[in-house]
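The following pair of complexes shares a single chain, chain A, combined with chain B in the former and chain C in the latter.
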Partner chain A sequence: MRAPFFFSAFLALVLAASPLAARELVVIAHRDSAIATLSREQASHLFLGRVKLLPSGARVNVVEVEPLRELFYRRLVGRDIAEINAYWARLQFSGRTQPPLRVVDAAAATAVVVRDPDAIAFIEGAALDARTRVLLRLEP
Partner chain B sequence: MTGVRSIAFRTTARILLFGGVVGAAVALGSAVMVEDRERARLEHVLVEVMATVERSASVAAFARDEQLAAEVVAGLLQNRSVAHAAIEDGGEVLAAGGRAPTREQGVDRMLSRALHSPFAATEVVGRLQVAPAAEFIAEQAAVYSRLIAVQLAVLVVCITLGVAWLVRRGVTLGIRSLSNGLHGLDVVAGTKVEVPAGHADDELGRLAIDINELLDRMDAALARERALHGLHAAAERKWRLIFENAESGLFTLDGEGRLADWNPALARVLGLPADAEAGRGECLSARLVDTEGGIARMLREIGDGREVAAADFECRNAEGEMRWVHIVLNPLDGAAGVLQGIANDVTERKRAEARALAQAERDALTGLLNRRGMELAYARRGQEYAGTAGLGLLLVDLDGFKWVNDNHGHEAGDELLQLVARRIEGVVRRSDKVSRIGGDEFVLLLDNLKSMSMARHIAGKLVDVIGQPFSVLDGVKVRIGASVGVVFTQYPPAEIAELLRRADAAMYEAKRGGKSQYRFAFPV
Partner chain C sequence: MAAALLVGNAALAADDVAPALPSAGTDRWTLSGFGTLGAVWHEEDDTRFRRSIEQHRGGRANALDFGVDSALGLQVHGALSPQWSVMAQAVMHQGRHGEWGPHLVWGFAQYVPNDWSEIRVGRLVTDIYLDGDSRHVNYAYTTVRPYADVYGRLTYDGFDGADATVQQALGDGLLRFKLFGGRTRGSVYLNGADFDMDGARTLGATLDWIGPELSFKLSWGNMISKEDGYAGLRAGLLGLAQLAASPLLADHALAAQAAARAGELSETSRVSYFGAALGWERGPFSLQVMATDMTMTLYPRFEGWGAGMTVAYRVGRWKPYVSYSRSVIDASEPELDLPQRLPSALAAFEPLLGGLRVGWSQTMTSASHDQHTVGVGVRYDLADNMALKLQVDRIEAKRSSVLLSDDGSVTGPRALTLLSATLDFVF
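Presenting the complex of A and B:
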């Protein structure tokens, strides 16, 4: 328990120091998505499983980019990744709420969003492409 | 000492009663208090339990995860103090379990806690509600309070019994032992109180020691008293012995002169009964020849403040003889009106005095009165005699006595005078007084003479008997004569000197007339 905590703290420092920390993160959806924009609160409710359905009534599919999780949740809710992980661990214990789909990079996330109109994801702003729509920008 | 009345029993009973009452009160009071506190504690525990599940409940509410909410509720219901638990998300119940409380059972008793979002502290995402199991809590509290009450009661009973035991052992048994010791104490035998065992150094021990010291002091005082009593008795015996064996009569009188107490010597001399009780109250004067009120006079003198009054009295002793006693009276110090007296037998002294007195009036040679005796007899006769009869005085002068004295010596003269005296006494009457007033001069007082003839007769006989021859010095015959001068006096009597002068003159006339004859003088 302690080792991963130190590890992640170390990682956070490394990332903060890296150019990654300075980058903009964006929440994206399918270009044709019914959602135009998201508030930070709406975004947090969607990514943390409180809101499971889209306004259309379809079930939302949430995608996380593994390397960006830490930065994303810090910017969105101001929490350590460890807290986020612990939160999901509690919900996974019950087995009813499923954590988001996790992908390795922005390209993979974009691919999911492009393929699924009910999906939302977060990527670096630099990796944006035209097939997606930016719902929320999280500046450093 | 019966058990019911013993201090130990009473003290123990009172301590037990006090302990019981106090213990019961404390137990009751503590039960109420403990029950309240226990109820509060159990409810506080509930709040804490809610706090421990709050995070999970928050997550469940945030994620609207009924499954997790149900888990949390089930966990809460594991606690028997929880009657009902529910997690709500807005107005929607995510999970609920247990008996939901009815409205009147106390919605107000329901514990409610807002659930905040795990990610935004200000965002309320639901409520956690818990209803305490009131009956269970009450039961638990009651059980606990009963336990405490029982513990307290046991404690109080133990302390009370302990105190009672200690008081009994430490105080009342000691007091009882002391009390029993005192009860069975024999002061005369000199026994002592025992110090109660184990109390040598405390107040009970001191009390025992003090009692013993008091007993010692009482003993000593008693011994002193006995010794004093013995001394007093010895002194009393001594004085009694002196009183009983005194040669003087000792007595006490009351103010009226009645005998109160006397010793055997007084009883002997006054002829009183030896037992003072028998003769008590008899007047002293009644036992004496006290015709002139001598005792009454002495009592008056003492009454007037004189220290001593004394007088001589004649009395009849136990053998019936007449005796003389000298009685001295003093007031008795410290007893008003009581007198003490001494009576000494002075009979011998009185007789000696009387003898001496008689001697002074007698002629040693002839045993007749001397001149002084004759004069006194004449004076007495003047006081005593109040009749009308006369008195004859005869002056006898011997004729030829000088010749006898000169020729036969003084012894013959003295013997002759004695013989003459006897012959004169043989002639006169018993009541007549015969005296020798000079060498060979005799004076006769013939009292109570009815007439001169008796004087004449006696004078004649005198001349006759003295004229008879005398035999002196064993056979020497001598012859003398008597010249007699007679004078007669009527009452009231004349001076003796005058009578003697006239008688003398008559006697010389007889001598001149030839001796051995009598002549009458002119009566006075």
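Presenting the complex of A and C:
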């Protein structure tokens, strides 16, 4: 296991050295959303398609930002993006649920969240908009 | 992953903006798919490797075969409202006549009234796979294919009916219970004969718990068929009973035995299974273990079990793994004590006796199976939606109903090293 461990450590260093890895990620909703906050566990269930409602009964529409997916899932659930993609293939092609909406960048995600009070998305903390509210912070 | 075609309100117009989210009155239709281009190779003479017993042919010795694992699936999903959706999925893969389909695997309407329950009605699949409810989506599996020793025998996993699921948060995970039932769809190809399971009834249930790292599943299923596959054998046994009871032979013990066996040949057959599976993922390390117990109560009664394990470790895009699977199933009824030869006065009935001997032997061995596989392989994720897998399996069987001889019959002892390469993709 020494060789794979070394490679994983090297990979972690490479990721940590990238500018993106140093940034905080946040999960956002509309500033007037019925959703006040999310726990990491709740976010995991929502972004992995296991639930679509919060305990309060609020419906949640999940939005992914393509360039941030790898970093987001590594921070949220500690999984490689290839595992997440295989996981979604499992769900999608057995009719359980469909993958979340995916957009190209934080601006597009913010636009969706501003328009849909039930939507949540993840963006970089630096791209926060006053029209949105932070539900969960995922720091480096 | 999916090409989303939106009908209705597309409120945002710029190139990179989000399409409209589904809301009441706005349909969202999605076309997606999956596939595998695969090849297998081995050098074991008089042996054909099959991925499942619904395949007519398998990969023969010293020939690259692209039919065993290759498949293409297309799926249409329509989100009609937050509660209602429809889905249809057709898959092209090698079938029992060597044809490629397409076969309708899924086709249902789904109603999700709240977050803790859902109902689906239509063409469904029994929920026995830990890696999703399908044995066709190879991209979702770490290995090239689901364990052929175990899942390769469960090809009657489709049904037309309904399933209902309820779920509840439990600890840091979700507990789900599903009940399903309907009319069985599927087929089996054994000893050169087709056994169509259409018309049988499927009933089952699953209970699973999914946590951050651990997932656990229990599954139970029953398939009941009224297909009478023993009419010829029953008639032969009754004929032998009459012959044995006649003054010419006067073997009353044989007459009683043959009559009793004829009576035991049921017109109803039942296949029952009970399985458990566990998955554990922590960081780059993953472990999957499964085991199943199976009983076939057609005559003769077959009982058996299957088990499998996969251990993998992800290093970036690479995911090396090792796997082991084993399945055993055997007839649990005593042999029929047929005489070696008839008296000379009854020589004309020797062909009947010979036919009975062959038929009885085939019946007792048709589903017999004792096979295990040790596999080593690596998965390389080329892209977000594509994976290349290379796998080497050492398969040893005392007898196998998944492997075939070149003449299409169930095989005796075999040992082969199987090389597999697949390119799996989703879109």
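Operating definition for what follows: the second predicted complex is superposed on the first by the 117 of 140 C-alpha atoms of A that agree within 3 Å, B and C clash if a C-alpha of one lies under 4 Å from a C-alpha of the other, contacts with A are read in each partner's own complex, and residues count from 1 in each chain.
In this text, contacts are C-beta pairs under 8 Å (C-beta built on N, C-alpha and C of every residue); 3 or more make two chains touch, one makes a residue touch a chain.
These numbers were taken from a predicted model, which means no experiment stands behind them.
> Put the two structures on top of each other at chain A: do chain B and chain C fit, or clash?
On the superposed model, which is not a single observed complex, chain B and chain C clash.
> One more residue to check, A:Val77. First (chain B), second (chain C), both or neither?
both
> Is A:Ala58 contacted by the first partner chain B, the second partner chain C, both or neither?
In the superposition, A:Ala58 contacts neither chain B nor chain C.
> After superposition on the shared chain, which partner residues are touched by A:Ala34: those of chain B (first), chain C (second), both, or neither?
In the superposed model, A:Ala34 contacts neither chain B nor chain C.
> Please indicate which partner A:Gly49 is in contact with in the superposed arrangement: first for chain B, second for chain C, both, or neither.
The answer is first: A:Gly49 touches chain B but not chain C.
> Answer with first, second, both or neither: which of chain B and chain C does A:Arg115 touch in the superposed model?
In the superposition, A:Arg115 touches chain C alone.
> Which chain, chain B or chain C, ends up touching more residues of chain A in the combined arrangement?
The partner with more contacted residues on chain A is C.
> Could you look at A:Ala126 and tell me whether it touches chain B, chain C, both or neither (first, second, both, neither)?
neither
> Of the partners chain B and chain C, which touch A:Ser94 in the superposed model: first, second, both, neither?
both
> Name the stretch of chain B, from among 6-14, 42-50 or 258-266, that runs into chain C once the two structures are superposed.
Given the superposition on chain A, chain B and chain C clash at 42-50.
> Indicate the residue numbers of chain A shared between its chain B interface and its chain C interface, in ascending order.
Residues 41, 44, 50, 52, 77-79, 83, 87, 90-91, 93-96 of chain A touch both chain B and chain C.
> Could you please specify the touching residues of chain B with respect to chain A in the complex?
56, 59-60, 62-68, 71, 118-120, 125
> Across the complex, what residues on chain C touch chain A?
Chain C reaches chain A through residues 1-2, 4, 11-12, 16-19, 21, 30, 32, 34, 73, 75, 77, 79, 82, 87, 89, 106, 108, 110, 112, 114-115, 120, 124-125, 131-134, 136-137, 139-142, 172, 174, 210, 212, 281-284, 286, 313-317, 319, 381, 384-385, 387, 426.
> Looking at the complex, which residues from chain A come into contact with chain C?
1, 4, 7-8, 11, 41, 44-45, 50-53, 59, 61, 63, 77-83, 85-96, 98-99, 101, 103-105, 107-109, 111-112, 115-116, 119
> What part of chain A is in contact with chain B in the complex they form?
41, 44, 48-50, 52, 77-79, 83, 87, 90-91, 93-97
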